[in-house]
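The two complexes that follow have chain A in common; it is paired with chain B in the first and with chain C in the second.
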Partner chain A sequence: MKNPNGAASTPAGGSALPTPSAAASNPDWRRKYGGWIAVIAILAALCVIPFYMKFYHIELSIIYFMSVILAVSYRLITTTGDWSFAHIILQGIGAYATALLAKHVGIPFIVMVPLAGLVTAAVGAIVMFPMLRTKGFAFFIASFAFGEFIRMVWMKVNNPFGGTGGIVNIPSPELFGLKLTSSVNYYFACMAFMVAAVFIMWRLDRSRIGNAWKAIHTDDMLAECMGVNVARYRTLAFVVGSFFAGIAGALLAYRMGSIDPHNFEITQMVYLVIWVVIGGASTFWGPLIGVTILTVAFEWSRPLLEWRPLMFGSLLIMFLIFLPGGLESLLPALRRPPGEHYARFRRWLTTFRPG
Partner chain B sequence: MALLEIRNLSKNFGGLAAVSEFDLDVEEGEIRGIIGPNGAGKTTLFNVISGTYRPSGGTIIFEGRSIAGKRPSAIAARGAVRTFQRTALFEEFDTLGNVSIARHLHAKETIFGAIIGTARKMERANEKRAEEIIEFIGLGEVKHELAINLSHGHQRALNVAMALAAEPRLLMLDEPVAGMNPSETATMTDIIRSLRKDWGITVILVEHDMRTVMDVCEKITVINFGQKLAEGTPDEIVSNNDVIEAYLGSDDILGEDF
Partner chain C sequence: MDSATLIQTLLNSVVTSSVYALVAVGLAMAFGVMKMANFAHGEFFMVGAYTVYVLYQLGGFNFWVAVALAIPIVALLGVATERIIFRQTGANILAGFMATVALGFVLQVAVGRIWGVGLMKRIDTPYMGAADIGDAHVGWQRLLVIPCAIAMLIALRYFLYNAKLGKALRACAQDPEAAALQGINIRNMTMLAMALAGASAGLAGALMAPIAAITPYMGHGVILIAFIVVVVGGMASIGGAVIAAIILGFIHTFVATLTDSLIATMVGVGFMALTLVVRPQGLLGREKS
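Entry: the complex of A and B
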């Protein structure tokens, strides 16, 4: 989703470019290694906290890791401008592939998780072929139709998908003889897959391939005339996104031990979109911020169960109106000196017209 | 044999023949101007040659091989690259980033190479070439400016820089000096001339600005209602009665420009 205000706000605020004063207040080493230090600190914290967390919170973290893989892979597809509405279904394909293959063929966990990714990627490649003819809103609707079709197949076909009851008794995961049924063990397995997935997608985002994706989003005709095969690159993004969605699906299937079509309903997809929109999709970090903050918010709102859709719906609308760039658009503000914040606030006050 | 040979080319939109039975030969090393009144089919012609539209009929031979109906990216890979009439840029990238993306054809990167990071050496060579092109076009001082913040003249120049980054043998420029002030226009004219002289690139130029066309091209094709009206040197074109009539229905083809 392109930030409609981005073009207008950049010349006024200059937020996209680091100001000289900001550069001066940041010592060189902080700019160079600050990100790496933060990542290592977070990883170290993630390695320690499961030993101090309650069972429930470990389970929550496991789901969170899957959500991270989903949100980051979803954002990877959106970098080409294709906002899909089938990402949860792709996760479901990975989960169903895991359930069927692990149960009936007996494929071990460490092989099955990447294999589920490959199966999902293959399905993604096939589906993307007709969907290439659409873009923008038409793509959104086409992907929604594809997703509903797959979900109907799961619901109606009893053999092998088990209909509405789904598939039960998925073998419990095991890694070289180590049972992964315990929460802490599975926490680390999920974390390993999450870190690998995020690292790979981060590398892709910064690579020439990632730039080609973003170029397609900005102007697909220009990109094509500069030699970027738009059809191939859009397919590549969708296939890579599908691969990681499938991995998230495999991790989910192993944890739950049983899956059914209700795990992959539209509501889930809506929450995924909310994570990415509220976090912001124009930088790599937006979805990570979104999924982290909203997972916490989701837990806090547990007592208000029936109010949740209303809460998150209005939160989404508020963000679209007041902060269309998502939470990530606040990141450059952290580098700004306080005086500038005040000046911007004053400017904002004078320009603000409700309605 | 000519670098670009077009025979009997036509493009219909429903019942409207935007280009019909059009022949064009562009020799290697030529700077060819294509002019015509508004709606004459100049841009459609470009769109068909560059692959943006599929031709309804006819052949397009580039360097001895047919490119009719191929994808724009495939045609660009063959060495025929176009620019756009509108200012077409990747706005959220800086000047260097835009030119780097446009070097796509000469920077093959595999997905595994991207993950492991084996493409560094190639990317350094690429960046060097991109900077050469930027210096040549005269955008050196705005190398790290976001494309959206550039002045109009710089943005148009960046369009040409991006097309150059694809290392074309045939460059199709669609109104490169549109909306430029006289000094920017003069710079662009110099650039177009040295494209042929220093880079050996054949240029086709669609342009409304008569002064530029007359100045820079030694052969001009006039197109009207999708058909070729006249072809010849600037002097022949200026004195051609058909052309004069097509433009103004009067004897004043160049308006107050001349």
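Entry: the complex of A and C
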């Protein structure tokens, strides 16, 4: 956990590394600033590419930015060891809050997005209260049940949630007189929120609070003995994660213009889990890698739409069996001698033998 | 609610409770041994229902033959799940669980691709007609579920408390390390627990096939209810699961009759939330499992 930034993000932006001579003259230089340079290069590239992209790909990038917020905030909750199954529902709460408040109260875009986050955080705090009594696996089940409960409320209550039809005619977003209905404008708005959210969560992850969360994950009894208020820190992680999920939901609601309970089905949640698990949840950058690679994979698999859950489900099973650390553990795994992997494979084969 | 509706609702409650009990008992038993649950349990139920659909409706087998075959088929699926997933992921509980979430996906798509997703499957009811009890009118097909479920539960109980293998299974659930020291093979017991879980879920699905709407996604509602039942009953407690199944079956049926099934499910979740706050270990759960 000492320096996840420099070590892990460099490969992601390999093309943006400084010139070899500069790196060679001062080997520390690369280690110290390589990560930052990669991040700045990626951001610069993100600022330029929308002008050269097709409309469809800009829309895809907007969805991708929301997915990044979701994946990183989901990973933030999991640092305490609580794997929630309600994160998509939390995004839905943000989306519903946006739809209702923007439509009926007329709150402007720039206020509404953080406000949606706050509403979601408040709901997250309420839901977390009974769920605090559960741990690990039971937490997963409880969050699944609560998520379904909230989704049923949306489906059942026609006023104000609009039942299964959802809410339509959400006002189009506007920022300082600038219409955000255009794809490029909305792309930059989403990107700004994504960068801010990821930056805040990255700081949190490396702060004292982040360390307390990881301590709870490692051994909650020990953390309690060291003076960490486990209940409070678990709630905090869930509430912060809910906040950012709500922001992702607000961005989604504004883009879609209409939302309904089907946007937040369990299938979406499983895909979110797949992003985070395949990327790897033990470092901050794992989910980012996972969501990036799988967004591309999703687009490629578009011709096989009906088979998609089967393909990605099998992929998840394969990853959990053969590379449980996710893609972020791929490099260390490749460094291990091949005999070790062969032995692992042999061990796997024995399970098909009788007895 | 007049007396006819009351009797009818009571009988329906018993039917619902027995199905819940069948599904939840397997989940609780597997949880007891592995400390891990199977999210694809609802899909096991679905596979049981599809077995009856394929064998009875498409294959022309006798209904009871189809039901009897559904039990070993889904039990085999349970064993395969244990071997391919749980044994590999080992002590990593969440990995095993996530993998079964993915397995649920895989089964849904596989079944949907083979037999179609679109229209729900109709099964000709093997036992037409209805029993007249008082003024109430309950279909034979529904009433049949009750003795089958009770027979299965009694057989399971007899096995767990009287057979040597069953005792070993319970020992594993109580303390895996101590059980291993007595020479019990934990892996085999895990496999046995998954087989029994699959068998009971398969039976439940097979019995419900002529009554419920058969779709590849029918497992979703089942797993939600099963999880609620298991949490209320106390995770690893088989007796607790049966009691919780009876309570929730009655609550669900009565609320569903008075309002609708969506609200009934919401009440079930609320009941679970209340249990978690008041008695987190569940009705019959021990403080520390």
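Some points to look at:
Quick note on the criterion: the second predicted complex is superposed on the first by the 304 of 355 C-alpha atoms of A that agree within 3 Å, B and C clash if a C-alpha of one lies under 4 Å from a C-alpha of the other, contacts with A are read in each partner's own complex, and residues count from 1 in each chain.
Definition applied: contacts are C-beta pairs under 8 Å (C-beta built on N, C-alpha and C of every residue); 3 or more make two chains touch, one makes a residue touch a chain.
In this text, all values refer to a predicted model and were calculated from it rather than measured experimentally.
Placing chain B and chain C on a common chain A by superposition gives a fit, with no clash between them.
Between chain B and chain C, C touches the greater number of residues of chain A.
When the shared chain is aligned, chain B comes close enough to touch A:230, but chain C does not.
In the superposed pair of complexes, A:28 makes contact with neither chain B nor chain C. Of the two partner chains placed around the shared chain by superposition, chain C is the only one that A:313 touches, whereas chain B remains out of contact. In the superposed model, the angle subtended at the C-alpha centre of chain A by the C-alpha centres of chain B and chain C comes to 80 degrees, rounded to the nearest 10.
When both complexes are overlaid on chain A, the residue A:204 reaches chain B alone and has no touch with chain C.
When the two structures are aligned on the shared chain, A:131 is found in touch with chain C, with no touch to chain B.
In the superposition on chain A, A:146 makes contact with chain C only, not with chain B. For the pair chain B and chain C, the model built by superposing on chain A gives 10 Å as the shortest CA-CA distance.
Chain A uses no single residue to touch chain B in one structure and chain C in the other. On the side of chain A, the complex with chain B involves touching residues 6-7, 10-11, 16-17, 200, 203-204, 207-212, 214-215, 218-219, 221-231, 236, 240, 282. Taken in their complex, chain C has these residues touching chain A: 35-37, 83-85, 87-89, 92-99, 101-106, 108-110, 112-113, 117, 220, 224, 227-228, 230-231, 235, 262-263, 265-266, 269-270, 272-273, 276-277, 280. Residue ranges on chain B touching chain A, taken from their complex, read 50, 52, 71-74, 76-77, 81-82, 84, 88-93, 97, 100-102, 104-105, 107, 109, 111, 114-115, 117, 119, 123, 146, 148-149, 162-163, 165-166. Residues 83, 129-131, 133-134, 136-138, 140-142, 144-146, 148-149, 152-153, 155-156, 266-267, 270, 273-274, 277, 306-307, 309-310, 312-314, 316-317, 320-321, 324, 348, 351-352 of chain A are the ones that touch chain C when the two sit in their complex.
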